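By written order: A, B, C and D. Residues from 1 in each chain.
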Amino acid sequence: MKQKLYSDIDAAIADVPDGARMMFGGFGGAGFPNNLIQALARKGTKEIFAISNNCGTRDGELGILFKLNRIRHIIASFPGPHSNHFQERLAAKEVTIELVPQGILCERMRAAAAGLLGFYTAVGVGTEVAAGKEERVIDGNRCILEMPIHADFAFIKAEKADELGNLTYHLAAQNFNPIMAMAAKTTIVEVEEIVPVGSIDPESVMTPAIFVHRIVQAKGIRYAG
Amino acid sequence: MKQKLYSDIDAAIADVPDGARMMFGGFGGAGFPNNLIQALARKGTKEIFAISNNCGTRDGELGILFKLNRIRHIIASFPGPHSNHFQERLAAKEVTIELVPQGILCERMRAAAAGLLGFYTAVGVGTEVAAGKEERVIDGNRCILEMPIHADFAFIKAEKADELGNLTYHLAAQNFNPIMAMAAKTTIVEVEEIVPVGSIDPESVMTPAIFVHRIVQAKGIRYAG
Amino acid sequence: MPDKPRLTREQIAQRAALELPDGAYVNLGWGIPNLISDYLPAGITVFFHSENGILGMGRRARAGEEDFDLVDAMKVPVTLVPGASFFNQADAHLMTRGGHLDVAVLGGFQVSEKGDLANWKIPGAKGSGGIGGAMDIASGTKTVVVCMEHTTRDGAPKIVRECTYPLTGLRCVTTIVTDLAVVDVTPTGLVLREVAPQWTATEVQQLTGAKLNFADAPPEMRLK
Amino acid sequence: MPDKPRLTREQIAQRAALELPDGAYVNLGWGIPNLISDYLPAGITVFFHSENGILGMGRRARAGEEDFDLVDAMKVPVTLVPGASFFNQADAHLMTRGGHLDVAVLGGFQVSEKGDLANWKIPGAKGSGGIGGAMDIASGTKTVVVCMEHTTRDGAPKIVRECTYPLTGLRCVTTIVTDLAVVDVTPTGLVLREVAPQWTATEVQQLTGAKLNFADAPPEMRLK
């Protein structure tokens, strides 16, 4: 059986090609896969199509990738007050952004995960985010059609993994991570702790192993930016 | 603050009117709110529009309500090999059924819970379940439009509740229960055990209290049918 | 413009706190709403929701008590109350969009007489702007209270006939609490429910860009 | 019809077990597929999924060991393997529909040459019939293996040009394992991969309602 455990973080991300569609977990400083992002920066993958709630915090989180000009387009909900590298690239027209309501960002990724082909929502009707989207009325409610967001890779952060890939998250650090784990073709997780198979109670597993493809021990940065 | 805890199961369901749209949790004998169903049978609510994976097991689970001819229409996925009371009512044209693929049943309830107005899926395309539904092609895939399923009440079963309504489920007895808890206007849960607020670890809560409106201690039937 | 005292931001928050029913599940937005948790009336229990996946947020964490995996939507370390729970961001917004929260209190740049809300982007501001959870919350929540100053720094009304700022949502606002008034959005137009101490309904109307309906003299804004 | 021995249901299951790759996540349907877990080759680890919210089902529970809150989709008490997990039914079908399972093995009434599957309802049968998880599983799973007898009790082919029974899904079947053959559904039609011991490709073709492609004599069905 193929092992999911990688001892070398650079090996775990070695096949992420230029132009990859990539999801990055994290919110409010918590649950960011900072060590995976740093490895990606070292590797030099460029022309990335990114999906993330925000756009980096100074040099931290996705900041380093904008600083190095590795991201070409991003789908995000809230770039954030310290996304200065992103804002500079945006002003220089080196990156484009699709701004999405935060819950709709979650649902579009979940739709991809769940094999749904689109959904109707009232969120965003009459606002800038409705531009270019199909609009209709269902049961008297104006709504727009939102499409799934898929990805080649998700970089996520969890607290514990067993060697099969079952995950748990710490406090509010799960945020986008469980959703992205389900939505990407290949999910790579960095964890605080790797535990033996059988040591996570089946009722306590937050992301089942089926969604997790590669596991690395987080070493170095926990919070960045 | 309004108390969610009811000491009397009949009081907890006293306001369920004739014609109510009702969800009932449970699958494979596990996680059925059997004591709530028995209370509803005692109360005599009729003309029920039911939503449930199956249609009763002999006299057990929903069987008693079909036996008493209290259900007028049901949305279900798999009536089941021992749904004899339902099958008799169906043959006598005393009840109608909408058969739905099981995962689509879940998603339609979740769509209601999540404030979505409809979604497209490839499941059921070209089959009987596509009859009368809007069909289109998205990204080269044939798909049909599925609509949310709402309910006035959900009757569910959980293992533990705290007095605020945070729930945990036992093993595979969660099945449809957490979804229905989120989808109905009023969710009534029967539990094996009521515990003090604060005694369920916040990371272990499976259904947050916001989705739960009334709590009763299960007394009597655990498995039925 | 009358040169009379207006409510402080803290007083706006204090007044808005009275809109929260006992037992309510509540989301508080950036700005003034974030001050509300300090002003809950005695005997009222509410459960604070955060869109990063928390129900039952307590007070801010004290120095030394912080866990940076337990932060609110503004990235501030917080604590929990007994009976709290964690969940993922999709479930957090299932709660907002699906109408499960009782009240959301949001900041605002403009509110229209129909209850349209603009609160995420100032026209002409540089940079990308950011939506965050505001559109989901405004769209789905049963009762949306907006806290804001009654006018801009330049004295322009923020309650208007039609919003000119980029919209957050259509017909979503229930009540507006400002430094001058409490205004309800109703099917027949805006209703001036209360006015700030020393202010008259007519004076408040002069600083409002849409018609306010009121009978006789509306009562003074209560803070407790 | 040649009066020669056909594979038993157990042997069909045994052959189908060889289609499961090491490390695969697998759902087993009602009927013959449910026998497969007894025939996994040595050295192969697969993880069984159940649509009521289990990943990592183990063997059936022994007498006295049952917990009726831990049952498979057929209501049979089961056990867990180390590393199992529980989740709700929506997430269970997110896995099926979203393409997360590697293989599903389903029973079948008919399979068409394009890979359409009919497996939930017999025309004219009394009662409501029931769909269960079959449509979600057939629609989403990467590899769908159908286990069935090659012909009905009356000798009619179950592999057909067009299904006449109510459909479960269109173009969803990857491979068919019967008591006479292993047949792959390919873009250019059905390919006869293996035939049962003592049977010839021509004989199998005679009992099949659609054209089977094969080069020379296909190899004998292996069971291990």
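In the analysis below, a contact is a pair of C-beta atoms (placed from the backbone, for glycine too) under 8 Å apart; a residue touches a chain by one contact, two chains touch by 3 or more.
If you're wondering where the values come from, they're calculated on a predicted model, not measured in any experiment.
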Furthest chain, CA centroid comparison against subunit C
D
Between A-C and B-C, name the chain pair that shares the greater number of C-beta pairs in contact.
A-C
Would you mind pulling out the distance in Å between where the CA atoms of subunit A average out and where those of subunit C do?
30
The distance between the C-alpha centres of subunit A and subunit D, rounded to whole Å, is 35
CA centroid of subunit C to CA centroid of subunit D, Å:
56
Could you say which residues in subunit B touch two or more other chains, in rising order?
107, 110, 114-116, 121-123, 169-171, 202-203
Show the residues in subunit D shared as contacts by 2 or more other chains, in ascending order.
86-87, 93-94, 97, 139-140
Pairwise touch list, complete, is A-B, A-C, A-D, B-C, B-D
If you look only at subunit B, which of its residues touch subunit C in the complex?
1-2, 110, 112-116, 162-164, 166, 182, 197-198, 200, 202-203, 205, 208-211
Subunit C-touching residues of subunit A, taken from the complex the two chains share:
27-31, 53-55, 76-80, 83, 86-87, 90-91, 97, 99-104, 106-107, 109-110, 121-129, 142, 169-179, 222-223
For subunit D, which residues count as touching subunit B in their complex?
50-54, 67-75, 86-90, 92-94, 96-97, 116, 126-136, 139-140, 166-170
Once bound in the complex, which stretches of subunit C touch subunit B?
22-23, 25, 45, 47, 49, 55-56, 80, 82-87, 91, 93-95, 97-101, 139-140
Inside the complex, what are the residues of subunit A that reach subunit B?
107, 111, 114-123, 138-139, 141, 143, 147, 168-171, 202-204
